[in-house]
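You will see two complexes here that share chain A, one where it goes with chain B and one where it goes with chain C.
This part shows the complex of A and B:
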């Protein structure tokens, strides 16, 4: 007697990452991937923005002026938040892989959030201090 | 006709009777093109019943065609791994009171492996990868007259990985495996650790070879799905990280 075992199509597995029960570790993984993609995208925008340098000093200075407007500052702050998560979680992954972090990975993730949020709040004051406290 | 599978006996009656619906993934290779879900409602359930008890009730009293594997029914043989409410686990080790029974309880076969029928999967791929790490003690010396001795400290290191019952809950929960079907998977690596880190083994590099390949430990992205799924509460990722660390230091 023969039978045909059923195999899920390959495309089903991406969906499974979201459908399988999530916990702190899989959330960290998903966020690490998403912030990683976000940072690569930013890198391209960054290099594209720098290309105004080829049009001379004045063009560059003009462009820099737009980057000091509030919407760009908010964007910069959010970008900083992505960097913070990716950087701190990167340290967490290194501790898991090269030390004994697998035994306390949930606490490590807690530390990632606490330090990350603290730095992001600090960045808020650094970035917006001129707008907030300037007379 | 005598009732060979009488189901729950008089002594097993529920004390806090409850009703629950089980949404079970069915697939008959002779009839169905694709798996589908079917609901079964059971009354007279006790919160201390295990998911396996419910599967038995359904098979014995409602629908005899429901197919699933089980043998020991006590968390020792590793044959009844299924996905319960989105998470892998042993049907015989998950109690109804520990899962959400207010909505239909979704029971699917373990992900990734081909489905033979209903909840029964083909585990060949899982065991093929297990064999790749050479799951046996490799020695060159002739065996001593008595047993091969090991210090209590060296034995302690193997306590956790030897608890593994090869149920495949971990490996089939691993997103790295879903996206790369050649990945060895946590269960095989855990077994690789068990031999490569055994003080009596004389060829750890033979076990390490498969784990150091491009489909070995480096595919583990420390997602911890395996640890969450393991019914024996083994910290598999810690053992994988020790293999990684060992390989890194060896290569330096």
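This part shows the complex of A and C:
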């Protein structure tokens, strides 16, 4: 009779996810990667979309008509959340790597979240100001 | 290989460390921090100016007046380049965390490199061939 080792269900996925231990710093690491991938994807679309600037005023205005509809505005606002997290956590990484930040990296992460959320909420009012406060 | 040898001389260690540092990835690590810190300023500024302001980022006239400044053009050529570099260096960094055959790794690196060069060229083309008088 042969020995069959016990295999946990979805063991490959478990391994992949548990490889990132579930501590606050590791969540920051995961989120930094995910927001980074998202921002690179957006950067490609962004450069491609804005190449319409070379097609003249009418083509650009036509494109911007689409990009100023409510779904795109909400998307733009949420994209800002990715940017702010990646930017502030990037500062945290630089402080940990190049200064003495390893001793207070959890406090820095708290600061990242507080500033990020504050900026994103503030930006909600800026981006929707024409819709919210229009007469 | 001589496995009986337990110690290496000082000069051997120096030679070994220098021959390794050539492909240690340290320059890329530093560049990722430096471009990252530059991008914190550039991207957050870009966001406040272009995306969170309901008018300025989506208006052809304002875009044309901004692009008439050589300073603005120069900053944005740099912004596109270092943004793309930082993003794709980050993607390659993530890819390298996973074990793969050398041919697969080289292919992914090739795709990343070619995509980066093409999209930086598209972005530069947009800025440099922009003609505000085109209807």
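Quick notes
Following the convention adopted for this analysis, the second predicted complex is superposed on the first by the 113 of 135 C-alpha atoms of A that agree within 3 Å, B and C clash if a C-alpha of one lies under 4 Å from a C-alpha of the other, contacts with A are read in each partner's own complex, and residues count from 1 in each chain.
What we mean here is this: a residue touches a chain if its C-beta (ideal position, glycine included) is under 8 Å from a C-beta of that chain, and two chains touch if they have at least 3 such contacts.
Not measured: the values here are computed from a predicted model.
Of the two partner chains, chain C is the only one touched by A:129; chain B is not.
In the overlay built on the shared chain, the residue A:31 is in contact with neither chain B nor chain C. Of the two partner chains placed by the overlay, neither chain B nor chain C lies in contact with A:111.
In the superposed pair of complexes, A:97 makes contact with chain B and with chain C alike.
More residues of chain A lie in contact with C than with the other chain of the pair chain B and chain C. Contacts of A:6 after superposition on the shared chain: chain B is touched, whereas chain C is not. Contacts of A:23 after superposition: chain B is touched, whereas chain C is not reached. In the superposition on chain A, A:49 makes contact with neither chain B nor chain C.
Residue overlap on chain A between its contacts with chain B in one complex and with chain C in the other: 93, 97-98. Chain A makes touch with chain C in their complex at residues 33, 36-37, 39-40, 43-44, 47-48, 50-51, 53-58, 60-61, 64, 67-68, 76, 79-80, 83-84, 87, 90-91, 93-94, 97-98, 123, 126-130. Put simply, chain A touches chain B in their complex at residues 3-8, 13-14, 16-17, 19-21, 23-26, 28-29, 93, 96-98, 100-103, 105.
The residues of chain B lying in touch with chain A in their complex are 27, 29-30, 34-35, 85-87, 111-112, 114-117, 122, 173, 175, 178-179, 221-225, 227-228, 235, 237-238, 240-241, 244-245, 248.
Contact residues of chain C toward chain A in the complex are 33, 36-37, 39-40, 43-44, 47, 51-55, 58-60, 63, 80, 83-84, 87-88, 90-91, 94, 115, 119, 122-123, 125-126, 129-131, 134-135.
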